[in-house]
Amino acid sequence: MKRAIRNVTAALAVAAGAMAAVPASVVAAEQFVPLLVYRTGSFAPLGIPWADGKLDYLKLVNARDGGVNGVKIVYEECETAYATDRSVECYERLKGQRGGASGFDSQSTGATFAISDKAIIDKIPVETMGYGLSQSVDGTVFEWNFPLLGTYWTAADVMIQDIAKKEGGADKLKGKKIALIYHDSPYGKEPIALLQRRAERDGFQLLQYPVTAPGVEQKSTWLQVRQQRPDYVLLWSAGIMTPTAIREAQAVGFAREKMYSIWWAGSEGDVRDLGQVAKGYNTVTIHNSAATGRVYEDLKKYVYDKNEGSDASGKSTLGTIAHTRGMMISMLQVEAIRTAQEKFGKGKHMTPEQVRWGFENLNLTAARLKELGFDEIMRPVKTSCNNHMGDDWARIAQWDGGAFKVVSDWYQADKSIVDPLVKEMAQRYAKEKNITPRTCG
Amino acid sequence: MTNQDSRNTRIADVMLDMRNISLSFGGVKALSDISFNVREHEIRAIIGPNGAGKSSMLNVINGVYVPQQGEIEFQGKRFDRMTPRRAAEMGIARTFQNLALFKGMSVLDNIMAGRTLHMKQGLFAQALRIGPALAEENRHREFVEHIVDFLEIQASRKVPVGRLPYGLQKRVDLGRALAMEPRLLLLDEPMAGMNIEEKQDMSRFILDVNDEFGTTIVLIEHDMGVVMDISDRVVVLDYGKKIGDGTPDEVRNNEDVIRAYLGVDH
Amino acid sequence: MFYRENGQFKTSYRADQQIFPILQDRVFIAILLAVAFVAVPLLSSDYFLRGILIPFLILALAAVGLNILVGYCGQISLGTGAFMAVGAYAAWNLGVRIPAMPLVLQILVGGAFATLVGVIFGIPSLRIRGLYLAVATLAAQFFVDWAFLRVPYFTNYSSSGSVSVPALTAFGLPVQTAVQKYIFVLLFVVVFTLIAKNLVRGALGRQWMAMRDMDVAAAVIGIRPVYAKLTAFAVSSFIVGVAGALWGFIHLGSWEPLAFDLNRSFQLLFMVIIGGLGSIMGSFFGAAFIVLVPVALHSIPRWFGVPLSVDTVFHIEHMVFGALIVFFLIVEPHGLARLWSIAKEKLRMWPFPH
Amino acid sequence: MAFFLETLFGGLMSGMLYALIGLGFVLIFKASGVFNFAQGAMVLVAALAMARFSVWIPEWLGFESLLLANILAFAVAALMMFVLAWLIERLVLRHLVNQEATTLLMATLGISYFLDGLGQFTFGSSVYSINVGMPKDPWFAFESIFEGGLLISLEDLTAAGVAALLVLALALFFQFTGTGRALRAVADDHQAAQSVGIPLNRIWVIVWCVAGLCALVAGIIWGSKFGVQFTLATAALRALPVVILGGLTSIPGAIIGGLIIGMGEKLSEVYLGPLVGGGIEIWFAYVLALVFLLFRPQGLFGEKIIDRV
């Protein structure tokens, strides 16, 4: 009996060791970056270039600078297929590896909710650039979340601003009909709260059309659009839902110029096959259209010319908007590590908590962006304890049948309407989770 | 012959009375206007060529099929239709021609299933398997063990019936019916496909059941020898019609019956 | 040699009706429990608990529930995910609306709601069979998915439609660290597995199996199809509902209907098939299998130094599962459980196989 | 009024596609008693093959003509589906003869998982396009009668047309050819059919081939509309209520059921949807079919089930 127990336990221990990859003793001079990706499933068309971008930049940093101040970046991909439970499994598997994950880019709104809960306990930063929980901008409540560069609320707000501009002033919005066609999931619902506020204030009518995932069946939705004749359609879609929506828009003769899509529905992959059909289709973007900037020259020189690029063909995803966004995410992650190193010791391995500090004290000035080769791609970012977004400017790009062209200058989200909403929702979240907000010194 | 007499004395008044039963599937008439009765404690045989409607008759008796016309009187209660549940509650059990055993279950479980109507413990008691439920389980297990002994299948208690040889399966089928402690037992070709010894065994069981428990028995059988030996009265069906009814000897000499069997026509 | 039942004579039917009539089995189970409750928490890493054991236990529980319906009562269901969802959301709503309600009670009542829904969608089974029923359960799946997406009340009007639970405590003890969560789940699993086992080897279980094997004969011996089928649906969806609540509360902590979509239903069905239809233990084998294969596919190539790209692994995983389903249905419908008992038979003979 | 008609047409046209998929289900079920859950996966695989080969073949052979590319790709894809059908019969069905319907259902579930994996494994999981030159722009009919005209999507119209043709062709094929008769014989009674010397396995291969063909056509139609991507596999799920409504064993049932479901879900979505928050069409079809089942367990045209003892 005794022996038996010992054997079994031993066996189990082995199993545990084998499958759990028990946190190896912190290896000096390497920094682990977990990469959650969805290269499969309904959203693969978006997930693939995005994942490639994230991977490519890390490769670049290692190849060009030999890591961050000599600290090599090690990374591992984990397939989530956009499923929350898989994301959680990935998170649990990767969070402890190689001295701790520097930060999770959780990739889906659903997963962000789940992972945010756990990250607080495990003390690991969650970087959700351009998605995630809009209220997590409030660093006092969401100590570990960083929705950098923009949330769905800022995006929605910017869309409305551009519409107002086209109509000739916010006052002209009164009595207009604006339809929101959204992917029926937390992701798609996120902007509703803000749009309702806006609708109240600017007096336009907001029509809501949920589309059941995966979104191949939209005929009835667009028939209603044709019936209601909204002046504009805001599209919160993802994956195959986007091209379908554009096709249906064409099928009911709705002008593509009057469609505004969130950035996740505004990548070449979404419209390339449609070509002229999608001409005039607008998307909001937190960065310039892709393939410009020195970083891409470097990427070509240091990675792709050595055939180490993630996109084997070097054509299909490289330089697409989604790819660029992937690069930015990795870049911000790397800069957070760098910033942390400046405080806690150059050339050292940074613990997740130290990286968190880095995220919270990012300051990417125009000059700094120029050094990084991102100057033409994005705007300066400055985060703080209170503000985990760092930058809330965005602009509109339009598909001209062959490529996305930026057609507007930068808009800043209307603080007077976004900030109170953030505060309110953040408080509510704090209450639900009984978190006591910290005070920023 | 003495044995026969002793039984005749025991046989009491009518227990089951079928009146003008007609049954048809879609267009096909399976039974047309058939009447006959069964007396307490007797062994009643239904015979006839294939497709005569014998099995359908049994199915009407215990409510699996619903006749279009006719009525059933069982123990003084009249019904236009029987339901399987009611039949079971009133003590009608049956075995099946093409074994309808619960193949995935062990011999014990099959026979235990026959006790269903006698087991009263509720879901929660069973879930926790607390006192009463456990006691009940054991009590009925004991009863079932008697049947197992009676049918001489102790050896294969725990074997899934699917794996048993045909002859034994037939016994289990009978055992399951007996477990219901029936007053009326319907046997659908209990000896089909058996060799001579097995048939003798089975005949013995049937007679024993009838003697020991006084169970009334209605059986369908092709083997005339057996039928004539063990049954008190015989009904003869042909193409859904009744062509004969009476003691084995009467039936043996019935013109129509002979014609039906020998296929002589005039 | 060591695994023998000869010499162990049953002197009472009671003794003969224990779950594990053979001494060695009892010992084995005792050891297993000891390991599960003592050794595992001490030895295993955080990931092994959170990433593998907890999901495994919860899914195994759900599989047990499903197995009662599919394996024992022969009623196929493609809507298991839906019943999990009901359990999870019901429990969550109770927590939100009745803050005083203790966690365990929340979860159990959640299960009760699942029972309700399960019975409602089980009613068609009284009239329709097999394939048609399968589609009926699909209806449940899609309807429930929709309800939790579109009816704001169920998510307490949360702007995103996603719900999340606060830090958990049970009986005044925290349920937050991996070990605490693991023990909490383990207790549920052990208790409900025992209950399930009792039911399937009792009178009710016999009624279910009778319905499965030969419903006409079952009716003839006095089994009421209505009662047998609906109890199967009720018990099954209760256990599934509890599993759902655990999945949401303990494993995910925050979820949207996607967490209980059609794929979840299929996944559970696969567990039951691979593990063994009509076997409680099989449910555990199946769950272990389904949980471990992806991990294995992910790690093994690495040990051999040929890491596959994540998407390749994912596709291979699909192919492996698909192939295995077919394989088991053809070769061994009773799944891993049967293989296990065959192994035991062999062991019983060993070393003298005559 | 115009709007109602538009919705109705919209419904009818997607209904035609459901009918096509539904037909795939019915054929296989009639012949082999298998409820083929893998139909969706077959659509995906077929479409993927079509999409990729129409690009690869020109690259390999080095020519431009889109038409030629499509024709060749279609041929190859069709061939592939036939091989698939043969393999499925060989490796799976053959070994599951006379199993319960539910067992077979689960087997096809396995097949569908396998195909999902295989398809994306071989052809990749990002989105590909099929261009068979379907008209894309809308057409406004009767502008004189209705203000704004009556919107009819030419794409859907062509799609419906193609589907209708195929359905018709198949219906005729199974009505008037020897194979058709053989199939119906098999459908009635396996043993009897075998005893008069009809080779069961060949019939099975044939129906699976036909189902594969349905899948391919549906895949092309959907693919050229939405782009070819994993999601197509789920699209076929929407055709399940069709066969339930129409009855698993009835070809006309599949067609009529398809149209009813098509219209039903569109109308429900447009008129009932807004009242309950929208997005109801996915389950509405199922619930419709379910409620219907309660009153007629064998579907509209299905055969009545009598159990004998």
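Just so it is clear, A, B, C and D label the chains in written order, and each chain counts residues from 1 on its own.
Assume contacts are C-beta pairs under 8 Å (C-beta built on N, C-alpha and C of every residue); 3 or more make two chains touch, one makes a residue touch a chain.
All of these numbers come straight from a predicted model, not from anything done at the bench.
Asker: Shared touching chains for chain B and chain D?
Answerer: Under the touch definition, chain B and chain D have C as mutual neighbours.
Asker: By mean C-alpha coordinates, which chain is most distant from chain C?
Answerer: Of all the other chains, the one whose centre lies farthest from chain C is B.
Asker: Approximately how many whole Å separate the CA-defined centres of chain C and chain D?
Answerer: Measuring from centre to centre gives 33 Å for this pair.
Asker: Taking each chain's centre as its mean C-alpha position, how far apart are chain A and chain B in Å?
Answerer: Distance between chain centres: 73 Å.
Asker: At what distance in angstrom does the C-alpha mean of chain C lie from that of chain A?
Answerer: Taking the mean C-alpha position of each chain, the two centres sit 35 Å apart.
Asker: For chain D, which residues are shared contacts with two or more other chains?
Answerer: If we look for residues of chain D contacting two or more partner chains, we find 120, 125, 277-279, 282, 309.
Asker: I need the residues of chain B touching at least two other chains; which ones are they?
Answerer: In chain B, residues 64, 96, 100 touch at least two other chains, as defined above.
Asker: Do you know which chain A residues sit against two or more other chains?
Answerer: Correct list: 39-40, 44, 184, 210, 212.
Asker: Chain C touches which residues of chain D in the complex?
Answerer: Against chain C, the touching part of chain D is residues 35, 91-92, 95-96, 99-103, 105-107, 109-118, 120-121, 125, 237, 240-241, 244, 248, 276-280, 282-283, 286-287, 289-290, 293-294, 297, 299, 305, 307, 309.
Asker: For the complex, give me every residue of chain A touching chain C.
Answerer: 1, 4-5, 8-9, 12-13, 15-23, 37, 39-40, 44, 77-79, 81, 83-85, 88-89, 92-93, 95-96, 109-110, 113-114, 116-118, 121, 133, 184-186, 189-190, 192-193, 210, 212-213, 425, 432-434
Asker: Please output the residues of chain A touching chain D within their complex, sorted ascending.
Answerer: Interface residues on chain A, with respect to chain D: 39-42, 44-45, 48, 184, 208-212, 214-217, 219-221, 223-224, 226-227, 239-240, 243-244, 247, 250-253, 269, 273, 277, 316.
Asker: In the complex formed with chain C, which residues of chain B make contact?
Answerer: Those residues of chain B that touch chain C are 62, 64, 84-85, 87-89, 93-94, 96, 100-105, 109, 112-117, 119, 121, 123, 126-129, 133-134, 136-138, 141-142, 145, 176-177, 180.
Asker: Across the complex, what residues on chain C touch chain B?
Answerer: 12-14, 17, 195, 198-199, 202-204, 206-207, 209-210, 212-214, 216-224, 231, 235, 278
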